[in-house]
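Chain naming follows the written order as A, B and C, and within any one chain the residues start at number 1.
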């Protein structure tokens, strides 16, 4: 009898240890990022966020440009991806199973392609394409910057947002749709006026998931952003993002420069935390695809 | 004897869920401004039959109706019929109350805005009339801006009735409207139906035989997808011609 | 009161339907375009040498990608070895023991938040923990960063699969006198297994294509991955990056595309297989 109890306790403790490891790693992650950023926070302070002068060689670390680039690429990407993702989710939910299932699988696979490959595609296909199209209109364009960055991000975010929206919409009670159609709605009116309202929280959660992914995406943007640390003012301007700056600068950085990069990482982490913390109650417990 | 004028005339209606046939040659004539109760054991096709009258079944893949259903002499199964207008004229109340995720006022105003050109003032008047018509006005007049989903179950169902009558239908279909409602709420809805009879033709599917005998003028008994017997409610419950009907209404099976 | 004409409402409905079809086909066309590009650009350089030789130093013509592929396998396997034991344990604990206790809720919240932590940040962390302290980049540090990315995904799948199993099975096992550990590890594990395996496969595939964290940890080397614990270790994603973005040479771009094609084929194959078995199992359950 005693022996059974002992293995049982041991097993339970082993499992519990796994959960504690997770907690510990998360805490350590925050602690390390914070510690490593102290130096930059002390020397550069608020200019880290408010100055757009990023020149490691003479010690100026103003990341306002990267912050603005992150915000701009993310917002533009969502602006393009969300309506398409929503429409695709509607399509999959309304289509007969022999169309819907393969389409849904194909969209899921879109999310399985590594982001470097999207970056390459952007660099070798999208950028030259934008350049040549615009040159036909007499506009000289490098091909890099805000426009291709947000396009590639939109393409990457689309399958994630669409998959979550698909699940959210599929959970609509049939009776609600029937009663909307029952008062004489068209399919679209029933969807927009009734279904979307009733699934508001979940749909917002889907957008937040897209937001989180777009904010933190590194490689795809790094390939096509042009690496310009100034605040972008137009779609054709070169830009950079927090994540791209980290990946681009880190290898050559040391001292305050390296610490400043950690601080930027901390800012990104704080945003992601805020997004996750608001998303979790919106969509409840669900597995990410 | 003078030929009666019917609001709905169903002729040889057959219904299929994919390969499975659920209704067999249903013939049913429904008089205007009367309450017709459709009864029968569960799975007998009574809801399926009702769902043909506004073609709501078309929402679901693989469901299909064959035959003719005339409303005011026009076959509504004709593909050329305007579905949106049909559903405005034929309102439906479902088993579970389904208030839309909007305010009490907007729930009722929604079908008005959808189907009519109306000023804000006209809409407000109509909403009030519909809520009065559904015997709900006194209970909700101070919370028109609150969510329709915050009302009690019985109130929600009356809100759905108000929403349905706001579109000025001629026919109200009710699919077991009180099966999810407590007894007090049920009583209120039954009283309400008695008053609605003046303005609408009502067809109600119910598994509650007391309810059918209390409120309806005519009763149709369904069994395994066929209509076994139709007649004045009193007759069906006291002196049915068919043995199966008698067994069912006397509670011997079902 | 005048009724509104239904014509415009119906037209709007048709337009929206058309738009949803258009959006879906656009997503599919873009996906086909990306895949088509990889195949077109990558297939010509595929050869036996590519998969047998190590890469050559920057600027030298020729060379293969075998060292990078092997390095990716090592780094990914190392990540799985690091992440799976605690992640499976944590998932089982949440489903079987932790339930709604304070620690369980905290762990669940943390796991959810960790799912959204960008991979660059994890790279920074791994650098801070393993590279700064040991004084050198290493494949192992790369594994560590990928393990952190895998951890929350595996915890989540495991918990979902285990809590998807009815309490009836659990109670009947305990009623037979089986210990908690025994019943969990044998019968319940067997019921949850295929779902967990699918989830783990998808998680492994996902992290094996990660690039950003490796730039902070494993870096790259034009050698065979012999110093996994003590020095820079090559990997396919980083090879792709340095051969395309960082290189002006057409011959290097070709190799980069071939590496991309190889990665895409492997990852899509793993994904399709895992999903196929996952779907088959789900169909069987119904």
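FYI, contacts are C-beta pairs under 8 Å (C-beta built on N, C-alpha and C of every residue); 3 or more make two chains touch, one makes a residue touch a chain.
If you're wondering where the values come from, they're calculated on a predicted model, not measured in any experiment.
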{"item": "Chain located farthest away, centre of chain B as origin (C-alpha)", "value": "C"}
{"item": "Central chain (by mean CA position)", "value": "A"}
{"item": "Contact-richer chain pair [A-C vs B-C]", "value": "A-C"}
{"item": "Centre-to-centre distance between chain B and chain A (centres being mean Cα positions), rounded to whole Å", "value": "48"}
{"item": "Averaged-CA centre spacing for the pair chain C and chain A, given as whole angstrom", "value": "16"}
{"item": "Chain centre separation (chain B, chain C; CA means) in Å", "value": "53"}
{"item": "For chain A, residues that touch 2 or more chains besides their own", "value": "186, 189"}
{"item": "Per-residue overlap in chain B, given as positions that touch at least 2 other chains", "value": "84-85, 88, 114-115"}
{"item": "Touching two or more other chains - residues of chain C", "value": "9-10"}
{"item": "Contacting residues of chain B [partner chain A, same complex]", "value": "54, 56, 59, 61, 84-88, 91-92, 94-96, 98, 100-102, 110-111, 114-115, 160, 163-164, 167"}
{"item": "Chain A residues within the chain C interface of the complex", "value": "4-5, 7-8, 10-12, 14-23, 25-26, 28-29, 32-33, 35-36, 83-85, 87-88, 90-92, 94, 103, 105-110, 112-121, 123-125, 155, 158-159, 162, 186-189, 191, 209, 212, 215-219, 222-223, 243, 246-247, 250-251, 261-262, 265, 268-269, 272-273, 275-277, 279-280, 287-288"}
{"item": "Chain C residues touching chain B - in the complex, by the definition given at the top", "value": "1-4, 6, 9-10"}
{"item": "Residues on chain A engaged by chain B in the complex (per definition of touch)", "value": "96, 173, 175-186, 189, 193-194, 197-198, 200"}
{"item": "Residues of chain C touching chain A in the complex", "value": "9-10, 12-13, 16-17, 19-24, 26-28, 30-31, 33-35, 37-38, 41, 85-94, 96-98, 103-104, 106-107, 109-125, 127-129, 148, 151-153, 155-157, 160, 179-182, 184-185, 199, 205-206, 209-212, 215-216, 219, 237, 240-241, 244-245, 253, 256-257, 260, 263-264, 267-268, 271-272, 275"}
